[in-house]
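Take this structure first; my questions come after.
Read from first to last, the chains carry the letters A, B, C and D; within each, the first residue is number 1.
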Amino acid sequence: MQNKHKYTVNVNETEYVIQFLDSPGEVLVNGERVRFDLQLETPPDHYSLLADNKSYLLAIDGNDSPGNYRIHMMGYDYEAEVVSAREAYLRDFVRAAGVGKSEGVVKAPMPGKIVKLHVNEGDDVAKNKGIMVMEAMKMENEIRSPIAGKVSRFHVQSGDTVEKGQILFEISSK
Amino acid sequence: MQNKHKYTVNVNETEYVIQFLDSPGEVLVNGERVRFDLQLETPPDHYSLLADNKSYLLAIDGNDSPGNYRIHMMGYDYEAEVVSAREAYLRDFVRAAGVGKSEGVVKAPMPGKIVKLHVNEGDDVAKNKGIMVMEAMKMENEIRSPIAGKVSRFHVQSGDTVEKGQILFEISSK
Amino acid sequence: MFNKVLIANRGEIAVRVIRACREMGVKSVAVYSEVDRTSLHVLLADEAYPIGPAPASESYLVAEKIIDVAKRSGAEAIHPGYGFLSENAHFARAVRGADLTWIGPPPDAIATMGSKTEARSIMMKAGVPVVPGTPEGIRDLDEATRYAEEIGYPVLIKAAMGGGGKGMRVVHEPSELKESLDSARRESESAFSSPIVFLEKYLEKPRHIEFQVFADNHGNIIHLGERECSIQRRHQKVVEEAPSPLMTPELREEMGRSAVEAARACGYQNAGTVEFLVDQNRNHYFLEMNTRLQVEHPVTEMVTGLDLVRLQLLIASGEKLPYSQEDIKLNGHAIEMRIYSEDSMENFLPSTGKIRYLKPPDGFGIREDAGIREGDSISIFYDPMISKLVAWGQDREIAIRRMRRALMEYRITGVRTTIPFGIFVMENAAFREGNFDTSFVQEEFDVERLVERSKEREMMVALAAAWHHKQGQSISSNNHSESTTQPGINGMQSGWRKIGRKANLR
Amino acid sequence: MFNKVLIANRGEIAVRVIRACREMGVKSVAVYSEVDRTSLHVLLADEAYPIGPAPASESYLVAEKIIDVAKRSGAEAIHPGYGFLSENAHFARAVRGADLTWIGPPPDAIATMGSKTEARSIMMKAGVPVVPGTPEGIRDLDEATRYAEEIGYPVLIKAAMGGGGKGMRVVHEPSELKESLDSARRESESAFSSPIVFLEKYLEKPRHIEFQVFADNHGNIIHLGERECSIQRRHQKVVEEAPSPLMTPELREEMGRSAVEAARACGYQNAGTVEFLVDQNRNHYFLEMNTRLQVEHPVTEMVTGLDLVRLQLLIASGEKLPYSQEDIKLNGHAIEMRIYSEDSMENFLPSTGKIRYLKPPDGFGIREDAGIREGDSISIFYDPMISKLVAWGQDREIAIRRMRRALMEYRITGVRTTIPFGIFVMENAAFREGNFDTSFVQEEFDVERLVERSKEREMMVALAAAWHHKQGQSISSNNHSESTTQPGINGMQSGWRKIGRKANLR
């Protein structure tokens, strides 16, 4: 077993530092020592965790990108991003080098049909501004802008049928 | 798909002849044409069978020996022995050659402890005669002779702890 | 009683009807579209027949195919379930025209009640109170503007043929009227093949309370008490209960009488539901009548002990109602939570994908009506309801605690569900006090509260996530495309999420 | 109410208690042996502590370990479930001695009722009718012979400390006495660490009917009606129901009074069950009192609506009984089927193995109390009960049909179960008419009838088997050793099977 591994885990936007110790079954959570026993459960990716004898049942329910896990625990859903100490160091280095403007693409959350576009290419939009209306499962859903920025390009037009994950539009921050 | 395959299937001691036809989805059951659609279900070895639009849900729940299947269907358990036409031919040939006396071993149906032997090695026993008492799960269970014959050898003695499947005794028919 | 009944539906309601048939010794015939070959209703029925491609318009909505299967299979009656063709008077007539029994109300009653405008005018004649509104469908924006001024804002635009909240818009001020009207019409056209909408006074913070009625073919009509259905998102029910925490014996008698009158006024037979809005002064207004079994019928079954599908079959086969109004006693309290494949944390965005693991809770007072199984996919073709979880308790407090316990035990992976929302509701003070109305989701629900604020639990999630990451154990890498529902912008997920939450609050 | 309760048990009953705790806002503490680390009760509890190796004698039966965990975890009370230490007066005393609350009756009442001979004499004093028999344990064969002659054959040998049918033998004639006595003593010694047995008149074809009683710490005692438990194999219950089809309001009142008197006579507190035999003239005889929750308590819960574990906790924490006898109303009918890992077709031979697939039925009126999950193993260490399936119906007929439907839907592979037997019972004419007694299995059950005689179904099995064979699809080849239960002789399986069936008939 590889020990002394240290991880930074962001759970629902709060950071926790997890450090596994040499002695098996021991871990530091934010510096506090916890005895734990984590057993893989019958369905894959389900775990039974006993931590200082408290019992938790959880399932890793998706893996959006490396280190990003969606986790289900006793009725609640969590997003956890795990970064090892080494990865964190690299990330800080890159950040320090300065990467300013962010941009990205917004994808269709499910298959459906584009009913209407509210703005034009090149428009500046506020955060949360409705960009287009998509009909899916017989309901109309508003697709909104995740950031304040400029709609740099539409990949669809009104009347298009789109697949899940298909790019709807590109947006760049100002 | 390999067609024109003919099988003799013994289900709960009744024989059925199954012949798959060239046209997919058609089969002769005891000579009668049946349209069927057999779909593997999500848990492995579970099937949804539609036969002339009647719906059956079944699971292959064990495979005692080649061609011998234990099958569960809607609350009932079945034993099915499948013999292909070729296998049946061979078997008949062997039978014709004459193999008389049968003998075999009786194994422990579950882990337990032998409490008592009722007979001695070499004793002739009637069918269904109690041979020994085995304690398992805090209950005493009588182990009986499956055939009329002679107990040729004991592999256990009173007080022994036995594993499931361990040979208890050998018996030969007269 | 019938020997064989065809169920013109799929999912949990088809399973529900098949079970009632089996318990009555009646053979059941399922129909299925191409994607439903191994769906639960096909596995459990006595017989099953294919009726075409996945889109409902080519299978479950094609009356001729279904009637053809009924004739070929020798079924004597058709149970439509809810949704699909269940409130289609043409279909009901065609069924009867093919010498089959329609397990539902007379086609004329369906037609009358299917038109909300017609239903309103019949109710007014029968002396059942209705919400003020336009007598007929609206022709154009001008007319809408005129009526809205007359009734006074806020007004509600509703599809005349509508149901399930589709084609419905609240308009708070004149400037919103045009866009809402256009959008409601589009949705109504798409969902009900009719762009006709009408206007109604929008009652502020009403409660949605409905009465289950049963009428036999011999003129007897009773009600089985009410269901409280005020907890809705997108005008669709998500948590229902019986009895209503608002109810008094007097109000039940009064509203029950209205419900029975409503059924009588349209010559009703078989099971139906009369929906009312109840305002803050406990005045009730007829809203609409659903001429079929409701999704939420189990809560009525749990408190009356009666099997409503069984009753439907008895009545359709010509028997008299075996109970009079005095026989109906309510026992305890039942709550239903609809488990939808929707992300509670993302404004109830429908989530498609494959159910990777499914283990519903069990034990005392818990009833689960599942429509799908582990390994099934939630497709875009049909309703994203996974199951209905019902908790019964001696009293409302016990039922709430039991439901919360069950939701916490519910194990499902592969899609996001309404379970976290359900737990939120069970823990919400207004809900626990019975002090809520149809504005509950807008007023009380803050998606931020779904983010469990227990540091202890977050630490445990962090621990497990780190361990999982460290071991390099990972679910199949194609899960990303298969099961995510979150509209993501590269590297900006949490930003988007925040917005999703805020948007939900308006 | 307590803040934290330790459950000194495993399996479904531990899960049952944990759920009641959660619904009451009480923290639950589980204990587990080495093989139970991921058992359901550990997964669902708030806390869990290891207590040793798999054999119960080194874990679940070690009083000190359990009390130590209670103290370390800060639990204030211990719930023993049923079995294990639940009827161990020493343990109950030790719990109290450690300043913990014992969720059960006073240790003295356990001790008194634990000795069947002592219980009999107290009941006689209290005027509760008992079956004629020996006043004390039997010393030797001579004494047994003398008593048997006196009482008259057939006689029943019973373990003084016994329960669950262990150490019990019916003796029809003097020649059988010695072997039965020896064997009963061995079994009693092994199961209860006591070889003491006694003799009772063996009532021919009695019904086994028991009353649920509840006594608080303030002198109030009520009963919650009866349970009919006559369907037994090996003197162990397998199908139970409430109410009993035999019962009349008058007989219920009379027997209920006996049950309450029995509880009063031994200074009882908390939940208990008074078991009676009822002969063909409807005379009832005290059989024994079980000083704990029963396996079959759910049928009482289903017809009274009361959560019995909740009531146990309330009473143990010192509250008064919240109900008087008049408050207890029976509603509908409930049947419980114990799903054991036993082969119905092989004389109920216990079957060990891994549960490969498990999908219990659901829907209206169905309650499942599962103790294990898919992937779990049925080991030799503990009781082979998989779950308790309960069907509730408005009346007995509906409950029976519902249970049959549910059993047919129950999907489990990996072990053989009592499900085929359950279907047999639900379809049996004597059972359906309510006309049966404890000889049901001997008199009515013919294992040949479990072999479905429908040619049509056999053909379908043949078709599927041939297809499966043809495709060469096969479950993992090591299943043979993992999950077979059948004592097989090479190539002679069907011969053996036949014998198994015949043997069962005697």
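Heads up, the rule we're going with is that a contact is a pair of C-beta atoms (placed from the backbone, for glycine too) under 8 Å apart; a residue touches a chain by one contact, two chains touch by 3 or more.
Remember, predicted model here, so these are calculated numbers, not experimental data.
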Any chain that touches chain B and chain A: C, D
Centre distance in Å when chain A and chain D are each reduced to the mean of their C-alpha atoms: 49
Centre-to-centre distance between chain C and chain A (centres being mean Cα positions), rounded to whole Å: 31
Residues of chain D engaged with two or more neighbouring chains: 44, 373-374, 408-409
Residues of chain A whose C-beta touches two or more other chains: 43, 54, 57
Chain contact topology (line, ring, star, complete or other): other
Touch relationships between chains, expressed as pairs: A-C, A-D, B-C, B-D, C-D
List of chain A residues in touch with chain D within their complex: 37, 39, 41-43, 48, 50, 53-55, 57
Touching residues (chain side chain A, partner chain C) in the complex: 2, 5, 7, 9, 11-14, 16, 18, 20, 27, 29-30, 34, 36, 38, 40, 43-47, 49, 51, 54, 56-65, 67-69, 71-80, 82, 84, 102, 104-112, 115, 127-128, 133, 135-147, 164-165, 171
Chain C partner contacts - residues on chain D that touch it in the complex: 15-16, 19, 22-25, 44, 298, 301, 305-307, 331-332, 359-360, 362-370, 373-374, 394, 398, 401-402, 404-405, 408-409
Residues of chain C that touch chain B when the two form their complex: 30, 37-38, 42-49, 73, 373-376
Chain A-facing residues of chain C, complex: 166, 183, 186-187, 190-191, 234, 344-345, 349-352, 356-357, 380, 383-384, 407-414, 416, 419-420, 423, 450-452, 455, 457-470, 473-475, 477, 479-481, 483-497, 499, 502-503
